[in-house]
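Two complexes, one shared chain (chain A), two partners (chain B, chain C).
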Partner chain A sequence: MLKTLSRPFIPKSSGDFARLGVLLALAGLILFGALRYDNFISPFNILSFLRYNSMFALIALGMAFVIITGGIDLSVGGVAAMASVVAAYLSPYGWFPGLAGGMIAGLIAGSINGLIITRMRIQPFIATLAMMLAAYGTALLLANNQSVSVSYDTGFTTIGQDDFLGFPIPGWIAALAYVLGWIFLERHPAGRHVLAIGDGEATANLMGLKVEKTLFGVYALSGLLAGLAGVILASQFGAGQPTEGVGWELFAIASVVVGGTLLTGGSGSVGATLAGALLLAMVFNILNFENGLGWISLSAYWQSVIRGAFLLVVVVLQARLMKKTEA
Partner chain B sequence: MTTIDTSAPGERAARLNMAQFLSRYGTFAAFILLLLFNLIVTPNFLSWQTLNVNLTQVATIVIVAVGMTLVIATGGIDLSVGSLMAIAGTAAPMIFMGKLLPIENMGILIILSFILPVLLVMAFGWFNGMLVTRFSIQPIIATLVLFIAGRGIAQVATNGNLQVFKNPEFQFIAMGRIAGIPAQVIIMIIVAVLAHCLIRYTVIGRQIIAVGGNEKAARLTGIPVRRVKTFVYIVSGALAGIAGLIVVARNSASDANLVGLGMELDAIAAVAVGGSLLSGGRANIIGTVLGAFVIQLVRYTLLANGVPDAAALIVKAGLIIIAVFIQQRAKG
Partner chain C sequence: MLLSMQDISKAFSGVSALRSASLEIAAGEVMALVGQNGAGKSTLIKILTGAYQRDSGTILFEDEDVAFATPGASQAKGIATIYQEINLAPQRSVAENIYLSREPKTALGLLDRRAMRAGAAAVLKTFNLDIDVDMPVGHFSAATRQMIAIARAVTQKARLVIMDEPTSSLDEREVDILFQTIRTLKRNGVAVLFIGHRLDELYEICDRVTIMRDGQTVAHSAMADMPKMELVRHMLGKELAAFQAIARDTGDDEAKPVRLAVEGAGSGVRVRDVSVTVREGEISGLAGLLGSGRTETARIIFGVDKLEKGSIRIDGKERRYGEPADAIADGIGLVSEDRKIDGIIPDMSIRENMTLALLPKLKKAGIVDRARQQEIVTRYIKALGVKCASPDQPIKELSGGNQQKVLLARWLCTDPRILIIDEPTRGIDIGAKAEILKLLRNLADEGLSVLMISSELEELLAAADRVTVLSDGRSVAVLKRNELSETALLSAMAHQVN
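Here is the complex of A and B:
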């Protein structure tokens, strides 16, 4: 079932159809926005869209790897919140300690997930659910239940707020992560191992693949990326926020699924995950523009209803296509 | 994934016995230990007020966790319970405050505000069941849809506003007492007893266990697997709905943003601590009730002794991991 081996892109399987679908939907949504709203294609909207949504894209990337192995990581929102607090505390010492501190905090949380899953053999969804609680608990303890201001003197806020070559720095970070992620999954042996494990752990084991090490690495990576997202969060909004990140894991899972990655593992694509994340984020962007037009007034609460509906449509389609390919 | 156990056979058997012992009596032992600890350490623990606070707080966890036990017994999971609580808890005040139906008679409105919200979330439970059975979508993802969208529906219906009310008839479900016992505690007991009898003495109860134990074998022996699975999601929805009504009645207010928030975690934790395997095939209702009590007592113990709420979260996380670990060890 290593479907992603087939390239160039000719839809052959359900996953490929879904991937084609998400690209078409994204293109359609952009076209719709561009035709309907005056400033949709303005540099301001595009750049602030990318600046804000880079955090979610990073988390979705980590989630894609986890889901490809057949697992799930429900702790990313809590880990990002914890990392944002750690980064905020370290920001007076310079931008680098802030960045490194947040990422290390995420890495530690992810590694604990990995250990609990591989050593104690506890189902990923329970292990990471518990980590979500623990990470929020740690974040709130560290921050004394308040948000923690970052230092504005050390350049820490550059990470989230400034541009490099006219492009938001969070956008650069996310782009780089996705390029590395793509190379890793498609071109690196260890990336192929990730796919093989998702296809069947027992088989991968018999093939002599280092299943436990790879699984551990995948959860550690997801934690690291969640930590990075937390750093960007703190830097962009000027504060470490121990209660932020609620529902991020769902956004990430939805992005991955909308991107055509099968939740049963063994197949998936980094590029389509990015498209899925952008698609879900754009739903919200368009909603804002639509409200701006004044014809309708949909509250922000519609966001979750629409996201849920999106997820529903995609999983139902996926299930249908899966049945057809099996038949 | 296989590991080679290098320890001596005797040693391994001893470890297994220990795990089995903990699995069987661990929850009960933890419960007793927590009680003893509180009697010694927590000031004023032995009072009616403490009992009252703990019983009323644990009632909603137990009610939802019983439904979760049935779902988990079939090898599924229901992440949508918190959101369904919010939907029911939002719909009920809208009904008895006359916002939804053009009925003047308060008595009928009150009755409808109990029945309709629960029927509504039962329909959502049926929807979960359909996704799982007809479309073969994994339960985590199928119920994730309503986990995301369900609270959104409740928020959209109220535009995120708080509904404040004072309605003794409706609030009887949380404030009322029958023979001195809080009504919600009575509901909790009824729900737990019914579920226990369902699992022990009815055909569908045995079918639930069979489906979770080995779905293929269950199908081959003629068990209507789809119907059984849909049934547990509907029950889980209905119980979440009742819990939602209790929560808003207790608070005299309904906040769609908060009702049932995080309840899925508490319910899953209660099931895990209570000794049902999360992979299905077992439903220990008494264990789940005990599990819910342990979780409630841990929270109470920490808060009553000045440990911040945040630290209580970390303790709960550790508790879940240890409980699941022991269950798996005991299985062999």
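Here is the complex of A and C:
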């Protein structure tokens, strides 16, 4: 008992170290790309980079909240795929029904996750794994096992493909989501409750926090953001894609972890999650450019191996940093 | 009365935890709540705070009939609880911890961080605590965290502060600070429910006492009218059926060679200065109230906790174990207090549970020698009289007494010289208790040295050859067989010189 009481807890600065690390790595990669490739800093590359990766940034944001509570959401990829199909079916009725339909589909899936986890006390890992399978199944059922074309007449494709003030609309959406997410986590009481619950659910409950409601909200939010990512997916590629989204949850988890959020919960940052997502996406982008140079030709499989190795290096470095600051 | 709980009863899946318990506290009063492990203190508290719901009974708080659905609801009414493990969020700042769930907000509904910081610093100052309120709570010592928790209670405008063993991890100076804080609360008309075991502390700070035993409140009294002996007697009570004194050989104990000699052992704040000896072929009892350092002493001998001062000798040779494996290799076995937590593996068979500690020696060409395993298991099932359908029956299907026998056999089959057994008969019915004690007696007669930790007086009186009494981490008395009596034990435990 005494040992647990006097155990030094995670110091204030360890997360900051990791965050600094991820920013340095991101700057390093951008510098590397800018020096090595001709069109790396071109408007085209930057805009398409942001357009494409906004989807991943959105699910990483939802994942960050989930992981801060000490949970996990494996269903985001499947939910995004399902939402993309729903959005595609609704797109002929206008851009708004498409957008709202996809988001509601995501919200429903996330809410079911939240209910199962809080009411039935099922482990998030299991509950969201089941949801992943169910969401993919629903997506394939709805889409009859093929992609569903969206309507090009109702402005639905604007969401994913067009710009506003010279900046891709998905980028605006993600930026807005991150600003709101940051304010919520840092400045809103409920956001602080998310952190406190991750620090210890039993404790939070005894302090009078509404643990179940908060957890429910976090999973619902993650589902909602996955739904939004699905809408962008359908809009950007012109079709609802029941088989897309595989491995998205891992990308999101990796972004959050690279951003210095502890998988054990109780600490984490919205800004660093964005940096983490951008860093991982940047590795992808650079590999594409490397292929384009023609020196080497990396298949998608090799790219996956390299990204995995990169992630491992970052996580190991981070763990070491944490240990050092803890000692 | 600020609080009046009457006839509170509660059962968990049919097992009664509280039977018509009652508790009354007046404003500005410090009430002690005492009782052994499992007496029902925490259940009573949890019912009051809304963590559990009562089956029957009434609770009046500030003359209002209340039934709190959640801890949040009782907090809102002015009941704050400071738990033993100090429930604060370690990675959140001091200011946040003080205000969590009641944060000051700006007009926009966002956190008013300036008000939070200023308020936190101001309330901590009233307790003479000047710390950086932006630092995570996990950075501070247990005593400081406790003050933060109390500060949290004060900002909640608590009328009643429940403190669950608040001094268990504090040193003497910190206890003084805590008591000053409690007196400040008192002056402001706040009532304190103080759950504790250290009698001196209770007599120093508390006005009245409520004593619990077996889910009932057995005594209410002003502290001044309750002599220590009387208090301890109420707490420990008497086992319904007395054990028949287990027949012992009457040879001269002091002539037997000393097998285990612990001298002046200390580790942390729980064990300060403990000396205890166990001779060959005897049962040496270790007694003391909850929190006196009994279990912790066993952990030191067994190499779980580090010996910080003093010495441990086995057969005259000094020993210092880095880990339990060393102690086991040296012929020491430990049957722990809580079978469910660190004893049995419920789904595994009797056979596997029994031979767990022996597995390394049971290998033949790298795999378990089933024939020998079977032979050993059969032998001990018979020797100890384990009642089971077959050795392959899952251990969870056995009764408490039979589970305890299997655990005992686990250590016996490693052929130990010293067996430490913590609360050997906890949760076992009376008949089986006597049987277990007789078994220990027989083992001792065959030469085994047994160190028996027990909080049951009858058990110590019936089975032990000598009893060492601990109080507050120190051994305060050694009673030989001819000195053993209920009165002698009680007065030693109450730490009274008579």
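Just so it is clear, the second predicted complex is superposed on the first by the 307 of 327 C-alpha atoms of A that agree within 3 Å, B and C clash if a C-alpha of one lies under 4 Å from a C-alpha of the other, contacts with A are read in each partner's own complex, and residues count from 1 in each chain.
Everything below uses one rule, namely that a residue touches a chain if its C-beta (ideal position, glycine included) is under 8 Å from a C-beta of that chain, and two chains touch if they have at least 3 such contacts.
Quantities reported herein were computed from a predicted structural model and do not represent experimental measurements.
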item: Touching partner for A:49 - first (chain B), second (chain C), both, neither; value: neither
item: Contacts of A:263 with chain B and chain C, given as first, second, both or neither; value: first
item: A:248 touches, of chain B and chain C: first, second, both or neither?; value: neither
item: First, second, both or neither for A:202, with chain B first and chain C second; value: both
item: Partner chain(s) touched by A:187 [first = chain B, second = chain C, both, neither]; value: second
item: More chain A residues in contact [chain B versus chain C]; value: B
item: First, second, both or neither for A:178, with chain B first and chain C second; value: neither
item: Which of chain B and chain C A:216 touches, first, second, both or neither; value: neither
item: Chain B versus chain C as contact partner of A:141, first or second or both or neither; value: first
item: Footprint overlap on chain A, where chain B in one structure and chain C in the other make contact; value: 202, 205
item: Contacting residues of chain C [partner chain A, same complex]; value: 51, 70-72, 75-76, 81, 83-92, 96, 100-103, 105, 109-111, 113, 135-139, 141-142, 145, 152, 168-169, 268-270
item: Complex contact set, residues of chain A against chain B; value: 72, 116, 120-123, 125-127, 129-134, 136-141, 145, 201-202, 205, 211-212, 247, 250, 253-254, 257, 263-264, 299, 301-305, 307-309, 311-312, 315-316, 319-320, 322-323
item: Contact set on chain B toward chain A in their complex; value: 1-2, 77, 131, 135-138, 140-142, 144-153, 155-156, 159-160, 265, 268, 272, 278-279, 308-314, 316-318, 320-321, 324-325, 328
item: Chain C-touching residues of chain A, taken from the complex the two chains share; value: 1-2, 4-6, 8-12, 183, 187-189, 192-193, 195-196, 199-200, 202-210, 266-267
